[in-house]
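The following block contains the structure, expressed as structure tokens.
The letters A, B, C and D name the chains in turn, as written, and every chain counts its residues from 1.
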Amino acid sequence: MTVLRLSGLSKSFGAKQALRQVDLSLEEGEVLALLGPTGAGKTTTLRCIAGLEKPDRGSVHLDNRDVTATSPRERDVAVVFEGFNLLPTLSVFDNIAFPLRSPVYRRPEDEVRREVVQAAATLRIGHLLDRRIEQLSGGEKQRVAIARALVRRPRVYLLDEPLSALDLKLRESLQGEIKAMYQATGATVIYASHDYPSAAAIATRMALIEGGRILQCATIGEIIADPRHASVGRLVGSPSMAQFPAQGTGQGVEIDGLPMRLPGPGEAGGRLLVGIWPEDIELTTRPTDGYAEGRVWATDFRGRDKAIEVRVGSQRFRKVVELDLQAQQGDPIWFRLPPGRVFHFDAATGERIDHGPTRRAA
Amino acid sequence: MTKTTRTTWLGSAAVALAMAGLGGPAGAAETLTFIWHAGTCADAVVNIAKDYPDKNVSIVPALVPYGPEWHNKIASEFAIKGDGFDFAMWDSQSTAEFAGGGHAYSINKVFEESEYLKPELFDPASLARYGEYPDGSGQYWGLPINQDAYGFMWRKDLFEDPEEQAAFKEKYGKDLKVPQTYQDAKEIAEFFTRPEEGLFGWGQMGGREYDFATTASNSFMWSFGGELYNPETFEAKGYLNSPASVDGVQFYVDMFEYGPQGSQNWGWDEVNAAFQQGKLAMAMQWYYFNGSNSDPKVNKFAETTGFGNLPGAIGRDGKFRRQYSVGGQGMGINTYSKKIPQLVKFMEWYFQPEQQKRYAAVCQTGLKSVLDDPEWQGLNSYNKHFAKALEYTNDYWHLPEYNVLLDILQEEVSNAISGKKTVQEALDDAAERHEEVFEDAGYEIVRSDETPEVPDTVIAPVGTDQVVELSTD
Amino acid sequence: MRQAIPAGRTAAHAVPRAISDRTICGLFMAPALAILLLMVAYPFISLLYYSTLNFSILNPAKGSEFIGLQNYTRLLSRESVWERFVFTGQFVLATVVVQFCVGVAVAYAFQRNFKGRDLLFTIAMLPMMLCPIVVGFLWRYMFNSEWGVVNYLVTLLGFGKIDWLGVPGNALWAVVIADAWMWTPFVILLATAAFRGIPTDINEAAEIDGASPFFRFTRVTLPMSMPILLIAFLLRLIDAFKQSDLFFAMTGGGPGSDTETVAFRLGKIAFSHFYTGQASAFAVIMLVIIIGLSLIFVRLLTQQGRQD
Amino acid sequence: MARVALDHLSVRFGQVAAVDDISIAFEQGEFIVLLGPSGCGKTTTLRCIAGLEQPTSGKIFFDQDEVSHLPPRARQVAMVFQFVSLYPHLRVRDNIAFPLRARGEGRAEIERKIAWMSKIFDLGDILHRRPGTLPPGARQKAALARAVVREPRVLLLDEPLSAIDEQFREEMRWELRHLQKELGMTTVHVTHDQREAMSLADRVVLMRAGRIVQAGTPRELFDDPVDEFAAHFIGSPSVNLIDASFSEDGVALGEAGVPIRLPERHLEALRRSGLRRGRIGIRPHSLRPAGRDDHAAVPVERPIAYAVGRERFLDFELSGQTWRGVLPADAGDSLPERMQLDPARIFYFTPEGVRLPVA
């Protein structure tokens, strides 16, 4: 069942176009990540859904009801913002209980208690219920904020970068908790983030947004197999997609500054971007036929493996490699782009110009 | 709030309301507020008023420092027609300003309504000085409550020291005695001016504040036969800058040579302080301060301080005149006060001789019967001189614009003292500016063909051919 | 204002569409605007009105005559008035410069940790809390040329006694000293706040960069505290421009009228002479000057902001 | 560039030893990261090297020169701070010129060095802008340029990346790593972020309570932690840990006493230690679906599988605790019943947290 549907949502603030024709729909129990860089329109989208912002055009449907013109309290959604917006004067318990005591959702007090305790247990903050907000750490506050949204059991949860203020370890543990929470309650969630790993860890589907436009909305597997836009490639993956400015020759594609000719769709003289997921780039530490020579610009040790950045002229890419690969900064390295694994994008618009998924699916 | 407490609360509110309603004026304490400058006399009024038989009435002082703030406070209240005070002691010259603006309550009405308060209780001169406006109209706006005049004090120990007397005789060829003329005073002042000993001959005020310089210089000006203006023709030119006026002010300015450095900007406080520290052989000072200057706790030379009247001067017409500034305040009533009947009752009590005698022990009463009383005259060394002094006092403009005129004259005299202008220039400028004020205020200036060298002969007493000596005991 | 509109919109969703957001905004702001109008605009307009009249509030019976800009032309054509502005300018310049030199230096000294610093700081703040008239009389006695403590110190140093208050040039400095004594604490306070607002990191960074204390002060501390110091400077400037109490108590404006500031003169015209019309015109002129000064500083501040 | 040596360095604040008798040397050109939780003494150590803090005892050497008590100005070090690394009132070029002017260098020399820095750090576009108008990454790059421009003997970095958004932080790590190697400067970097430490360091110095817990390459710390603290602090996702009881028969995990078969050589070592109880740790990436060999395997209860990018994780319960392992990318939808610990990568800890050598 479709819980939420956005159609043709547009919104501008003065000269700034925040949203352009945003279409999205969300099925019951689905967790959708809204992934995009800062300023892409994530927060505005969430605010339109919550009713905190009125779109200039387009509509918001909740359970097939047009709610575009209704006030936030008439919509059954809960929002967790990047900040904590908790009430510092109240205890943790009272903060979580707050929505249940508000006029719209008023419940009997024993039921309130039950719900609060249960939500607190889900987020492992049962022992904090009597504390005051100011005594909590950042991670604890964030859990309280999530519990406060959880307790009301709304139709849709809107999480706006709820983890970006936290450090890595805390973020990882909260990711798990948010996952556990929605799996346990079957909640419908939109999770807005600029951080691909955390979005990927939580979401079943991803909507990639940039410049107020939805570039693609699909499962991660689908996105990897068939990225629709150059920006999608830059937003997804860790490291993200390698992209090389290139030129069409009529017969194929020539990557700028590299002795590499690849089959491709480019017209003669057309500018394009050749994209490839780093995992598909083949490397070797010895000069090899058909491989281009680059230089290791920097390395990044990641515990179980390491990433390297390779540069040749103005071209560069990053790739995770085995720890044992002998590649120190400044070392030469040889690489190859297997032809079946590359995508072609229009250099000016970023649109894909070849069609269909590559052979390989995730 | 529980039900019981609410009932109780309502109950007590009702009682309170009922009390307020029933009590009325009889139950409520009445306060009569007055404005004055802080000091012994204001304290005396408050102290005496504590014994006022009607215990429902209390007298509340609203005191300000002496100076313009005091005038301005009264004036500001009048400007908004407020009843922030019921009565006030204002300077003699302010009567015109406040009565002219219609803010003062007529004392003639008080005389009519009261059984006791009548003009005869006061010296006619005092009454005129502290309450009459316009001059000679018989319309009174204040009662003399604190009479004051410029007086004179000197160090008897110095004057009576045989060595000093001999030295003086040696130098000036005459006896050292308390001066009766400024000409004499100047020689004595010169004689006692010994900066290396920390002793100076003469102390006088010259400060720019309020009326400090003007009241002092006027005393000289009048004694030399000068005048501020001609009240008939409203000429200031030819009067304020007449040769006689210039003589007087010049003499005043010259006298600073016999005072300590910086005394050019002294006020009464500095004159007192310097005298009390024994730095001055002679000083001109208001009678008002004699109370404290004769107090050994305040003045370590109190026992050997002589109090008396200021010298006079022999003017360029050869006549002797002795005139000095009147001080002190009249007591006026705020016409916007809502408590005038209660106030008049209080005044009837306060102006009884019994109360006034108590008052006169520290301040200068205006009640004739007390002033004439030998008992009061003998109370200290200066009361008898004060009774005499009133005959020689003079006052400046009784015009509503006096404050502007005063400020101009203060400025110009101050310019002369500091040497920024010569006395002639300063008085020329002052006369010019005064006439502008007169014109702005709508007075018609009738220009005479000729102006007198010594204006005093035209509009006031001519003076005497002989020096009229006053007692210095 | 942009901030307020979305909030208004949100509220508007719940109510019938008959009233627009803008109207609601207006309705909410109306009481505040009315109060502002009453508190600021009314007195100002009546000030402007009075400034065109020949009128004394103490003598209303005499009536008020409309005389256009005569009050202004009269004031501005009088040399003595211009002299007052020149003197006031000298005073303002002198006192504010002294206050800032001393205040900033003392505040800088207070940045160091030493024993009794807090107590000393509190004591240093005291003069600011006193009533200006009291301060005036205090200094009047201290500057008394015969027995004042200042001349005592001067003679101890082997100089002759100075007539502090009787000579215009000296009197200016005497009042500057008194004014600076009273208001330097304000500069210390704001400068201290400004200095403390500079992150320790910045100073440490400069120290590591090899900067000497003086170099650090002039290149880091001072420029970084400039916005607050500018505000303090403006406040002190306006306040000094309005100074009259100290002159009233210390010199009475004398000798002559040489140490009358414009505010002192205004006070006299308004509340001693009760030339209400002329005083209103004078007040308008002063106001224009103060607004002009403020605008200069607002521009400086926004310029600084824009550069960041 | 200098070799930096700390010799029995201690800093006390009252009764508290912020730095407690540290001796270590940093080689010329080495990228050292001081890592640890807040209050471990890493920042104090850095500040001692800078001269902003005075050691209570001990000495600091730059090459042969003892600098322990020299003022910061005299040490020729450069430092980049966490929050305010640039003077906000100065343009980028004046920021870079600041240390040169502070030392009174000539105008031409200053111009030359600004040009040099601009080239290395690619600052062309931002030289004339003020820090407030710059994105955080560019700001820190300019801060680095300011630090490096006067060729310090040591470059000190006090959490320079922690105030930057995660987005930019990753980029800055790459830049920093590259530049440090490029310039070959002895660099001491302080952070509490193990990811950053691993990424940047030639050698990580892990600190706790004023002492050095372990110093070594990132890989040494990851693969061979000296104690439970080090094992836990380093690595993301975190190491799985569980209480274990050791007996003659074998090893049982958690309160539920889940038995686990371990290699004989491990049991032998445990027996030799005489311990009855302890803890066992395994990193998620060393925990994979068990093959036919049931050696070192644990049962999977309540599994939740999820993907992060192309990696798939499996969270499951083991005796009431959540453990995390990885699933191969090519595994289907069916979840394993047992997960296997890579025997070579099991950590054994005493109840006090000290690592038992087993292998």
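Everything that follows uses one rule, which is that a residue touches a chain if its C-beta (ideal position, glycine included) is under 8 Å from a C-beta of that chain, and two chains touch if they have at least 3 such contacts.
If you're wondering where the values come from, they're calculated on a predicted model, not measured in any experiment.
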>> Applying the touch definition from the top, give me the chains sitting in contact with each of subunit B and subunit D.
In response: C
> If you average the Cα atoms of each chain, whose average lands nearest the overall Cα average?
Replying inline: C
> In terms of CA centroid distance, which chain is the most far removed from subunit A?
Replying inline: B
>> Applying the contact rule given earlier, which two chains have the most C-beta pairs between them?
In response: B-C
>> For subunit A versus subunit D, what separation do you get between their C-alpha means, in angstrom?
In response: 27
>> So the centre of each chain is just the mean of its C-alpha atoms; given that, what is the distance between subunit A and subunit C in Å?
In response: 55
>> I'd like to verify one number: the distance from the centre of subunit B to the centre of subunit C, where each centre is the average of its C-alpha atoms, in whole angstrom.
In response: 37
> Of all residues in subunit D, which are in touch with two or more distinct other chains?
Replying inline: none
>> Give the residues of subunit B touching no fewer than two other chains, as numbers and ranges.
In response: none
> Listing for subunit A: what residues touch at least two other chains?
Replying inline: none
> Inside the complex, what are the residues of subunit B that reach subunit C?
Replying inline: 65, 68, 71-72, 75-76, 78-80, 97, 100-103, 207-210, 212-213, 260-265, 270, 273-274, 277, 279, 400, 403-404, 407, 410-412, 414-415, 417-418, 420-421
> Which part of subunit D faces subunit C closely enough to touch in the complex?
Replying inline: 50-52, 71-73, 75-79, 81-85, 87-90, 98-99, 101-103, 130, 132-133, 146, 150, 156
> Which subunit D residues qualify as touching subunit A in the complex?
Replying inline: 165-167, 173-175, 177-178, 181-182, 192-195, 198-199, 201, 218-219, 222, 234-238, 283, 285, 304, 306-310, 315, 322
>> Under the definition above, what is the set of subunit C residues touching subunit B in their complex?
In response: 57-61, 133, 144-147, 161, 163-168, 248, 251-259, 268, 271-275
> Which residues of subunit A touch subunit D in the complex?
Replying inline: 37-38, 164, 167-169, 172, 176, 179-180, 183, 194-197, 200-201, 220, 224, 237-238, 279, 297-304, 309, 318, 323, 329-330, 362
